[in-house]
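Below are two complexes that have chain A in common, paired first with chain B and then with chain C.
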Partner chain A sequence: MVHQLSLVSTIPHSSYVQTISTLQALTGLTSPQPVSTYTLICKPINKFKPKFVPGKVNQIEQYFMKCITTWDDLDSFDLATPYLSDRVSTSILFNSDSAANTKKIWTLQISDIPIAGKNQTCSAQNIFESTLVHTHTASRKDAGDEKDSGDLDKDSFLQFLEDLGYNSINQFWIKGVRFFHGDIVIEIFKVFVRDDANKDSPSDSIPLKLLDESNGFQIKAFINVPKSTDIDLITQGSAELAKLQDFLKNLIQLEIPDRIFMDSRVQN
Partner chain B sequence: MVSAVILNSGANPESITQFHDELANELPELRGNWGFSFKIFRNNPYSIPSGQPDSEEVSKETRFLHTLSPSYMNDLCICLINRRSVSVFTNMIDEEIGDLKFDTQIMTIPNGHLHKGAATGLSDVFDKFAAQKLQSLWTLKQNVRGDGGSIYQLENGNLTIKTSNVFLHGIFKGLLVEVNVDDHIVESTSSEYLVELFDRIIIDYKIPKGKMCFELMDSENPDELGDLCFQYSEILNF
Partner chain C sequence: MDSLEATRNRLNQVHISLRKLSDQINYNIRFTGKTRLPTYGQFQSQFHVLITQLHSITSILENNQDILDHTNAYPLPLFPTSQHEGLATTLLRKKPLPEVEKWIDEAIEHSKSLNINSQADDEFSQWCSAKIQEIKEDFQFYGFLSTEELEYLETEEGKKEASAKKEAERQREDVEMGVTTGKKALHPNQVLKFMCQGKIE
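Showing the complex of A and B:
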């Protein structure tokens, strides 16, 4: 389990060079680490209808789940150049050639709603994750399950996800850079979604477009604390984030994200 | 590697000591102690498939999720759903184990996965993840533990026999023997051949009789860890 303390912000594209230069000077990191992730958003397939027993508090919730892996953009574009319509694409992940997919690594992640409270210095949230390194689907001819025979070509990870009880409902790609300042990780990134309007791309790749067409960058500054019970580390982390927020206040307005939008519970 | 799992439910201290003595007479190479954790989850009955009419309160189908974490593979968790879908979870990152990677069997997360931001590096073991956050889908039914186990390597490393005492909620349930045969002395994965192979090993090493499983989920398409978890699920279905 990760207890994540975070602050977020956005900057227009025009501030990118200045922000990067400032962070390079602040952190002493001349070449920031690249970040590129591909995320599937998954929703439970079944409805959850617990029986209400008077006097018994039912605390079991259904959650959306994120499945995260890495991706490579085929065109290796430069983040510093703003207009990148029809220049970003990614290779198709789940093709019929299942042998190529078996080695994909996925991180399953479920997060709690951020902790509520007054006068918070930063958003605090518990994140649970587990990483899988191998998937396999056995074809059972003797199972007598007619409907399964059609799924044999399916990617074994998607099959696992379905058997687990989840279905992917959306996807997005992230590309950016990150800096480290003490315990704080500062990520500056853009979010991409699939561009279905773009028809003239080669069939073996997926064209992408920006989610935020204004070309702005998202910024997230966070500290991961291994345990939510480690009060000392959390207090220290919050203080460090507040210090960073104050230090960068003329450049970036780091704010607490609205916790309601970060609620990953499924409303039945 | 092909494997077989045997549970001798009538084991007592005397028979266990005797079996260990007999194995020791074969001059095996001792590979240390081990244990395992095996959990059985059942689908949450209040998680209702969309095809089912609203009037019904509980799901009609019964599905199982099994997880197996052997201690000799650090933080590794094999997950088997419905005896069909296999996933192997781990917390080990390539750069963390470094020189320890003497064994190609160890599965690790490549460095790039962490560096490119896909994971925080503070993962949970999958069985805990499932018990904490997937409660609406899966409920933990049984927790089987294997303690005080030993690993013996025989026949120039081609045969490994692992023994472990099995406990269900702290109650002794028997002696579990896992037999692993290395790939290059296995001629086929057909069940006739495997019956013969394991019968020979059982007689040669006087392995106590009990419920045995050596079947593969799919004989044409074997998956080492998945099949192992499948065999545990067949043997330890208390």
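Showing the complex of A and C:
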């Protein structure tokens, strides 16, 4: 479990180069760490509704789960150039021959709603994570039937999720860079989603489009504290984030995200 | 520099009090012949002094954290001090070397022989700044262009240049428009909602 203190912001594409150079100067990292992750958002299949007893607070909740793995983009592209047309695509992760029998490291993540409170300097949230190694197996169905030829069985990871009681409802890809400033991690990224409108791409790849069509970058500055009870580290962390916020205020308006939007509980 | 000096003083105080304490203990053992330690009260007061001193050191370190974080101390602990003692002392020497001192003396002597009147210099610079103030009052400033530049803008060439500038500005806006497709950026909250719940509103 980690306790994450975070601030978020967004910048238009045109100020990307300036932001990167500033952060390079600030952190001393000339080549920031590249980030490219693929995330599946999963929702519990069966609804669980405990009997409501008056006077008893219902503590049983169902949560969305994120399954995160790395995404190795085949045709890597430069983030500094604006993504204008359907240039980006990714290889199909599931149900392809190349994906079969490969080991992938998946991180399953469930996050609490951020802590409520007045006069906060940053958003604070508990995140629970578990990492597992999964060997993907996708076996081809018997090609005897003409209709089913080429149709594939469910990928073993999706099957695994289903057995767990989760169903994937959406997916997104993240591409960006990561800076480190003291204990603070600064991530600058774009979010991609599947582009279903684009049909004329090769069959072995998924066309992607930007979630944010205005081509902006998302920025997230965060500190992970090992325990939510470690008040000293949390105060120190929030002070550091506030310092960074003040330092970058003319470049990026780092702000506290609204906790309601970060609620990953399933609304029944 | 001040913070370093303050830290050094405090550390020195701690050193002194620690030595005093150890002297007290040693004295009693050595000269009374009996292994009798100082009384509880003495210990108590010594520790109290030590704690106050350590506390003031930490507060100094904390207050000057920013400066001290960015300060490098030389020589580094890795430097082979015992082998290259001569080099270290030369590098860390604060006073100028004898020959350098000679040069400085020479320069001072030389400047005396030149007979420069520094007071006259100061007076001259003061006169200059006063004169500039005086002249400034004769002008009026509106905008960023001089009269000649404004007149140039009225001519045919000037008009052409201005329209070219406008054109370039428009082109830049067009490019920006192409990149953003004219849409407003998604607020981080919306993106976070998507990342948490898989849907966007």
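Criterion: the second predicted complex is superposed on the first by the 240 of 268 C-alpha atoms of A that agree within 3 Å, B and C clash if a C-alpha of one lies under 4 Å from a C-alpha of the other, contacts with A are read in each partner's own complex, and residues count from 1 in each chain.
Criterion: contacts are C-beta pairs under 8 Å (C-beta built on N, C-alpha and C of every residue); 3 or more make two chains touch, one makes a residue touch a chain.
Source: prediction; values computed, not measured.
Participant: Tell me which partner A:Leu5 touches in the superposition: chain B (first), chain C (second), both or neither.
Facilitator: A:Leu5: touches no partner chain.
Participant: Kindly classify A:Phe64 by the partners it touches after superposition: chain B alone (first), chain C alone (second), both, or neither?
Facilitator: second
Participant: Which partner does A:Ile169 contact after superposing on A: first (chain B), second (chain C), both, neither?
Facilitator: Touch partner of A:Ile169: chain C, not chain B.
Participant: Of the two partner chains, chain B (first) and chain C (second), which one does A:Ala221 touch, if any: first, second, both, or neither?
Facilitator: neither
Participant: Regarding the shared-chain residue A:Leu248, is it in contact with chain B (first), chain C (second), both, or neither?
Facilitator: After superposition on chain A, A:Leu248 lies in contact with neither partner.
Participant: For chain A, which side has the bigger count of touched residues, chain B or chain C?
Facilitator: Larger number of chain A residues touched: B.
Participant: State the interface residues of chain A toward chain C in the complex, per the touch definition above.
Facilitator: 8-10, 12-14, 39, 41, 43, 64, 66, 82, 84, 111, 169-170, 172, 191, 211-216, 218-220, 255, 257-258, 261-264
Participant: Under the touch definition given earlier, write down the residues of chain C that touch chain A in their complex.
Facilitator: My answer: residues 176, 178-181, 183-200.
Participant: Any idea which chain A residues touch chain B in the complex?
Facilitator: Going through chain A, the ones touching chain B are 1-2, 4, 33-37, 44-51, 60-63, 68-70, 105, 107-108, 110, 127-140, 143, 148, 156-157, 159-160, 163-165, 174, 178, 187, 224, 226.
Participant: Which part of chain B faces chain A closely enough to touch in the complex?
Facilitator: Per the stated touch rule, the residues are 43-44, 46-50, 57, 59, 63, 65, 77, 79, 81-91, 107-110, 112-113, 115-126, 129, 132-138, 217-218, 221, 223, 225-226, 230.
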